[in-house]
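Look at the two complexes coming up: subunit A is in both, with subunit B in one and subunit C in the other.
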Partner chain A sequence: MNDKNIMESHMGTTAIKISARDVQVYYGDNHAIKDVSIDIEDKTVTAFIGPSGCGKSTFLRCLNRMNDTIDICKVTGSIRIDDEDIYDRRVDPVQLRAKVGMVFQKPNPFPKSIYDNVAYGPRIHGLAQNKADLDEIVERALRRGAIWNEVKDRLQSPGTGLSGGQQQRLCIARAVATEPEVLLMDEPCSALDPIATAQVEELIDELRQSFSVVIVTHSMQQAARVSQKTAFFHLGNMVEYGETGQIFTTPQDPRTESYITGRIG
Partner chain B sequence: MSTTSLLVIAILILATLGYFLASKRAISTAGGDRRKLHSLPVYYGSNAAMFTAIPALGVLLIWLLAQPMLVERNILSTIPDKLIPEGSSIGLVMSDVRRVADGLEVVVNTGTLSQNETLKLDTEQTDIRALLAGVGAAVGSDVQPEVLEAAQNYRAQTKMGQLWMVLIIVPLALIGFALSVLAAKPTFRARNTVERGILALLVLAASLAILTTIGIVFSMLFESINFFKLHPWTDFFFGGSWAPNFRGDSDLSILPLLWGTIYISIIALIVAVPVGLFAAIYLSEYASPRVRAFAKPLLEILAGIPTIVYGLFALLTVGPALVRVFGRGEEGLLGLEWMSGATAVLTAGLVMGIMLIPFVSSLSDDIINAVPQSLRDGSLGLGATPSETIRQVVLPAALPGIVGAVLLAASRAIGETMIVVLGAGAIAKFSANPLEAMTTITTRIVSQLTGDTDFASPETLVAFALGLTLFVLTLGLNVIALYIVRKYREQYD
Partner chain C sequence: MTDAIQKPEKKKSSLLQLDARTRTRNAAETRFKAYGMIAIAFGLLMLSILVFNIVTRGAGAYQQTFVALEVELLAGKLDKKGNRDLDDIKKVSTFGYTPLLSNALEAKVIELGIETDLKAKKMVGILSKSAAAQVRDYVLNNPNKIGETIGFEFLASSRVDGYLKGRVNRDSIGNDKNISPAQLDLVDALKAEGSLAKRFNMSFITGSDASDARPEAAGMGTSMIGSFFMMLVVLVLALPIGVAASIYLEEFAPKNWITDIIEVNISNLAAVPSIVFGILGLAVFINYMHLPNSAPLVGGLVLTLMTLPTIIISTRASLKAVPPSIRDAALGVGASKMQSVFHHVLPLAAPGILTGTIIGLAQALGETAPLLLIGMVGFIASNPPDSIATGLLSPNSAMPAQIYEWAKRADPAFYERAWGGIIILLVFLVTMNTIAVILRRRFERRW
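So, the complex of A and B:
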C-alpha cells in the first residue's frame, strides 16, 4: 500500500476538498477504475496523468457524476465533496454539476451568441436578479476566462465563430460563470495550438486562487507546469499520487518512472 | 407470332451462337493454349454476344417507338377536315382509324377474310362496323369511306415499316455477329470491350430514372399546354370555383382545391409535428437502448402501412367517431349539429397526421442524433437538466434540420391521395370550417381521370395542369427542405 502512505504524508496542510475512497467503475463488464482512493486539496491544481485508456477521464467524470449519463456505467465506493457523499441518494446530480464545473477535451461552445453561452449557467440556476446583474456576471466570467478583451465588442456574435483557443477559453468562462467550487478539465488543451495552450495554462494558474482545479492531461510537461499535485493512473489503478515535483523527480513506483521516462504510454 | 417477337428470338439465338463460336475461335486461334489469349474465352464469347444483340435490339426498340408515331403523322395529314365532326377533334378520328386498322388485322388473323379481300373492302357493299364487331373490335359509329381508306393506308404503311425493320435489323445483327466472331483472336482485348459494355449498361440504368422523370414532366407539360389552349389560364389560376361539367363550359379553378389541400395538410402537420418531434426526443434522448431497439423499428413499420389502409381507417373509424362527437344533435356526445358526414377536413387531416408521425419522428430522430454529444455534455456539465438541455441546446442546434423534416412532411401531405379520396369528401369550396367536407388537388385528379374519359376535353386535361402544379409545389418544398437539411448537416462535419 505504497500509494496510501504517500498520500497521507502530504495531507494536513491544506483543506481537503474531494475525498474518494475505494472507487470502482465498471462499463458493463469492463472494470475501468479499480480501487482508487485519493484526497484532492482545495485551491490547488491536481493533475491526472497516465497512458491513454487508463481511466483518467472516467475517474474525472465520477467527480461530477457525468458518468450517470452513460447507461452501462456503474460506480461504487464513496466520493465526498466537502464531506458530503455525492453518490448519496439525496444529492441531486444536476445541482452537483453546478458546483463542480467541467471543461471538455474538445471546445464545445453552444451554437448561441458568446453572451448567451456564458449566461447559460447563470440563467438556468437563477444567479442573476436582472439584466444588469447578468451582464456583470458575464463580464466577470469572460475576464476570468482571459478572453474579455478579445470578445467584448462582439458579445452577440456566435461562439462557434471563435478560434479553437478562444472557444476553449469561452468554455472555461462558461464553466466559471456558474460559480463552481471545483473545476474539472479533461485534456483542455489537446485540441489547441501552443500559443492557445500557453494562454489556457496561464488561466488555470489564476483559477487556482478561487477553485480546486483537477486537470487530466497527456502532456507531462503540462502537468509539471500547471499542477501542484499529480496522480499517475495505469490500467485503471491509481499508481502514485504526490507533490508534482516529487512525482517527476523521484517517483516511488517503477511504473511511474517508466512512464515519465517514456518507456510506457 | 408477330414479326417483332420472331425478330427478337432470332437475334437472341444468333447472339448465343456468337458466344460459343467466338470463344471457340479464340481458343483455336491461340493454338489451344489459353494463356496466349489476352482475355479469358468467356470475354470473347460475351463480346460477340454483345455486338450481335445490343445494336440490333437497340435499333429495334427505337424503331418500335418511332414507327407508329411516323405512320400516324403521315395518315393525319391525309384526313380531310370535313371528316371531323362538330365538337370533336382530329385525335378522335385518328383513334377510329387505328381501331378499324387493328380490327381488319384481326379479321385477317382469324381467317374471316383473306388479306386481299380486306384490301378490296368498300363501305358501300360491306357493313364494316358489323364485320369488325364480329371479331370483337368495337367501332363507335359507322365507318366512313375516308376513315376506311385511312385505315387501309395505315395498315399498308405499318406493313411496309415492318418489312424495312426486318431488312435493316437482320443484317445489322449479322454484321455484328460476323465482325465480333472474326475479331476473336488472341491479341484482341475482349475483356476491356466487355468492361466498357458493362459501364454503358450501368450508366444507362442510372440515367433511366432521371430520363423517366424528365419524360413525366414533359408529358404533363404537353398535356397542360393542351389544356391551356382549351381553357383560359386566368380561370385556372385565379378563378373562384371548381365546377367541372362534361357538357363543356366548366369552371376549373385550382384555388378551391389548393385551399382544401393546404387546409388538410396544415391540420395534418399540427398533429404530426409535435407528436413526431416529441416521440423523436423521447427516443433519442431518454429511451433506454432496449426501448429504443424496440420502439424505433415499430414506428418505422407504421411508415410502411399502405395509405389506402389509413384511408379506410379515416372512413370507417375516425370519421364516424368525429361525427359522434361533433354531430348527431341530441344523440351526439356534445349535443352539437356541427358535423353531418364522416368525410371532413378534420377526418382527413387527423389521419394524415397519424400517417406522418413516423415520418417526422424518424427524420427528426436522425437529426437530433446528429447534434454532437459534446454539446449535451457541455450543458449537463453546467448543471442543466436533460429537458433544459434539449430545449436550450439540442433543439436550437437541430432546428434547421427539423424545419427541413417538417417541409418534407408537408410535401408528402400535399401529395397524399388515398386518405383524402376516402376521408375528405368531394366538395370544392372555400370554407374555414374543419368539420365540412372539402376536396384536394389529388382527389380531383383522380376523379377527372376515372371513368369514361375523353382526352380532348378541358375537363380531363385539367388533371394534367393540376398534376403539374402539384409537382412544382412539392418539388419546390423538397428542394428547400433538402437544401436546409444538407446545410445543417455540413455544420457538424
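So, the complex of A and C:
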C-alpha cells in the first residue's frame, strides 16, 4: 500500500485514472451521449455540470456500468480505468462496481441498521476475516464519511432513521467501505439542505486524498467550490473540459459562457 | 389594448355569500357522499343479514341431543364362548348390540316409571343408528368390561334432535316412518327426567361425515383434515414456484414480446373459471398421471394451479413496490443482481408476498368447483387419515365440498349441518384474512 502511494505521489496529480474515448450512448433511438472523450485524473475532484437532460448523469453511470441495468441502453466507444477497458467482454460489472463506488442523488440507505449498511459491501466482497476486522472497516468507513461521531453510539439503529444529510454521509461511508478507487457522485447534495450540503462538500474535499471523485452537480457554485476540474455537458456533447477556475472565469466556448452566466439552462 | 378597457367590469362578490356555482358544487359533493354512505349501508345491511342467517341456521349443528343410558354388556350376547378372544368378539355385528340398547332403554323407562305402549324394539328408534356402533367400538377397545354395566351417552336420532330444536313437530311427522307420536311422548318424558338433553356437540367439529341415515353423527373433522392437506400441498408448491417465477419475471427477465405474452397470460389465468382447472386436473392428474381419485394431493395440485396466478400477481406487485433506489444502492456497492434481490428486495417485499399467499390460500380453501370434477364431493370419509401419506393419497373430502354434499341431501338435519359447516369455513377464512391484514400492518415499510 505504501509503495503504491509513493509511486502515485511521484506521478503527481496528473495521473490519468479514467480515460474515455468517443463514447456514444443510445437509449433506444435517443442518442444521449455524443462522442465524449475525457481524461479524468486520479486524486482529483472532477465536476460534470450542465443543464438537465444534457447527459452528465448518463455519462457518470457509464463509468461503473450502472447503465447495464437499463435494457435499452447501449454504450459504444472505450472507457478505460487504469488502462483496462471496462466494457471488455471479460469484465464483470459486479467486480467493476466494487472498484468504482457510487453515491446517488437521493440518500438510499438500506432499511437495515447503520452498521449493516456499511458492512454490507465488505461482507459480500469478503474484505473482513472476522467480526473484529469488520468492526474496524465499519468504523474507518464511518470516520471517512464524517459521520462516526454522530452514530457511534447507535450503530444498531436503522439507517433510515437518520436525517437526510446524515443518510447521505452514511451512503458515502457505505461506498468507501469497499475501498473503491473511484467514487462517482450523482448530484449527492440535491436533496440536502445548505448545512448538510456544506458538510458533504467538506467531506468530498477530504475524500480527494484517497480517491478520484467524479461529481455531477446542478449547482455551479458547488462545482466551483469542490472541484479542480470541470466538464460542461450540453445536449449530449461534452462542450468544454478544463481547470475549474478557467471554466468559470474564461470559458472558451460561447455555450459554456451562456450557461455559467445563466443565459441557457 | 382598447378591447381590454371595454371589457365589462367584473362584479364585485362577497366571500360571505355563496355564489350559484359554489352552491351547485357543494350540492353535488353532498349528494355524492350520500350515495357513498347508502352504498356502504346497503353492503353492511346485506352482510349482517348474511351473518345473522348463517349463525341462526348453523348454530343448531353445534348442539345435539344426547340420551344417557346404562347398558349392561351381556357376556352371553357379546362373547358366547366366554374366552374374551378379540376375534370372536369382532364377529358380533352391530345388530347383535341392538338388543342391549333396547334392554337398557326399557330398563330406564321402567326405572323412571314412564308409561308407554311402545315395545322395547320401537323405543330404540329414538336413538341414533350409530349408538350400537358406539357400544361395539367401546367393547372392542375394552373387552375386559364385558359383563359390566357401563354408562353411555348416545346421540338421539335426527328426528328426536329436530323435535327438541323445533324443526320437527307432531303435525309434521304424520307420514314419517322414522318417528311416531308415541316415541315423541317417550322423548318428552325422558327429557322431563333429565335423561335426554341437548348439549354442545364437539363431534360436529372433530367427527367424520356419516351416511344418509345418521345425520346426527356427521361432522366436519375429516373434511377439515382433507382441506388441511390440500392447503399444505398448495403452500409447498405454489409459494416457491410463484415467488421464483415472479422474481425472475420482475427482476431478471428481459422485457420483450415473449415476457409480454407471459405476463398477459398470467393475468388472464387469474380470471379463468376454477372449474376449468378442475377439468384440467381430471384430465392430467387423474386420467393421464393416474393419481388416485378424490385424493387431497390431486385437489392440492389443482388448487395450486388456481392459486399460482394470484400469488404471482401479488408478489410482482410487492416487488415492484420496492423502490429502485434500493436496487441501485446494492448494485452500487458491487452486489450481484441476485444478491441485490435476495438480500434487499425480497425481504422488503416479503410482507406483501405473504399477504398475497394467505389470500390465495383462503381463496383456494373456499373453492368447490374444481373439487367436483376430481371426485372430492360426495365421498364419505368415515375415518380420519392415520399418516401424512394416507392424508395425501387416500380419498377424502374438503370443507366446501362437504358443505355442498350436505346441502344437497334430502334430510333437513343435513341442511342444518351445511350451515354449521359454513360457520367453520368462514371462521377459517376470516382468521386467515385477519392474519394477512396483521402481517401487512406490522411489517409494511414506508419510504
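For this structure, a couple of remarks:
Note that the second predicted complex is superposed on the first by the 252 of 265 C-alpha atoms of A that agree within 3 Å, B and C clash if a C-alpha of one lies under 4 Å from a C-alpha of the other, contacts with A are read in each partner's own complex, and residues count from 1 in each chain.
The criterion applied here is as follows: a contact is a pair of C-beta atoms (placed from the backbone, for glycine too) under 8 Å apart; a residue touches a chain by one contact, two chains touch by 3 or more.
What you see is a predicted model; the values in this text were computed from it and never measured.
With the C-alpha superposition on subunit A as described, subunit C and subunit B clash in the combined arrangement.
When the two structures are aligned on the shared chain, A:171 is found in touch with subunit B and with subunit C. Once chain A of one complex is fitted onto chain A of the other, the partner contacts of A:120 extend to both subunit B and subunit C. Once the two complexes are laid over each other on the shared chain, residue contacts for A:110 go to subunit B and to subunit C alike.
In the superposition on chain A, no contact is made by A:235 with either subunit B or subunit C. Stretch 150-158 is the one among 96-104, 150-158 or 186-194 where subunit C clashes with subunit B after the superposition on chain A. In the superposition on chain A, the residues of subunit A touched by subunit B in one structure and by subunit C in the other are 64, 66, 69, 71, 94-95, 97-99, 101-102, 104, 106, 108-111, 120-121, 124-125, 171, 174-175, 178.
Those residues of subunit A lying in contact with subunit B across their complex are 64, 66, 69, 71, 94-99, 101-102, 104, 106, 108-112, 120-121, 124-125, 171, 174-175, 178.
The residues of subunit A lying in touch with subunit C in their complex are 64, 66, 69, 71, 94-95, 97-99, 101-104, 106, 108-111, 120-121, 124-125, 160, 171, 174-175, 177-178. Across the complex, subunit A is touched by residues 288-289, 372, 374-385, 388, 392-393, 396-397, 491 of subunit B. Residues of subunit C touching subunit A in their complex: 254-255, 323, 325-336, 339, 343-344, 348, 445, 447.
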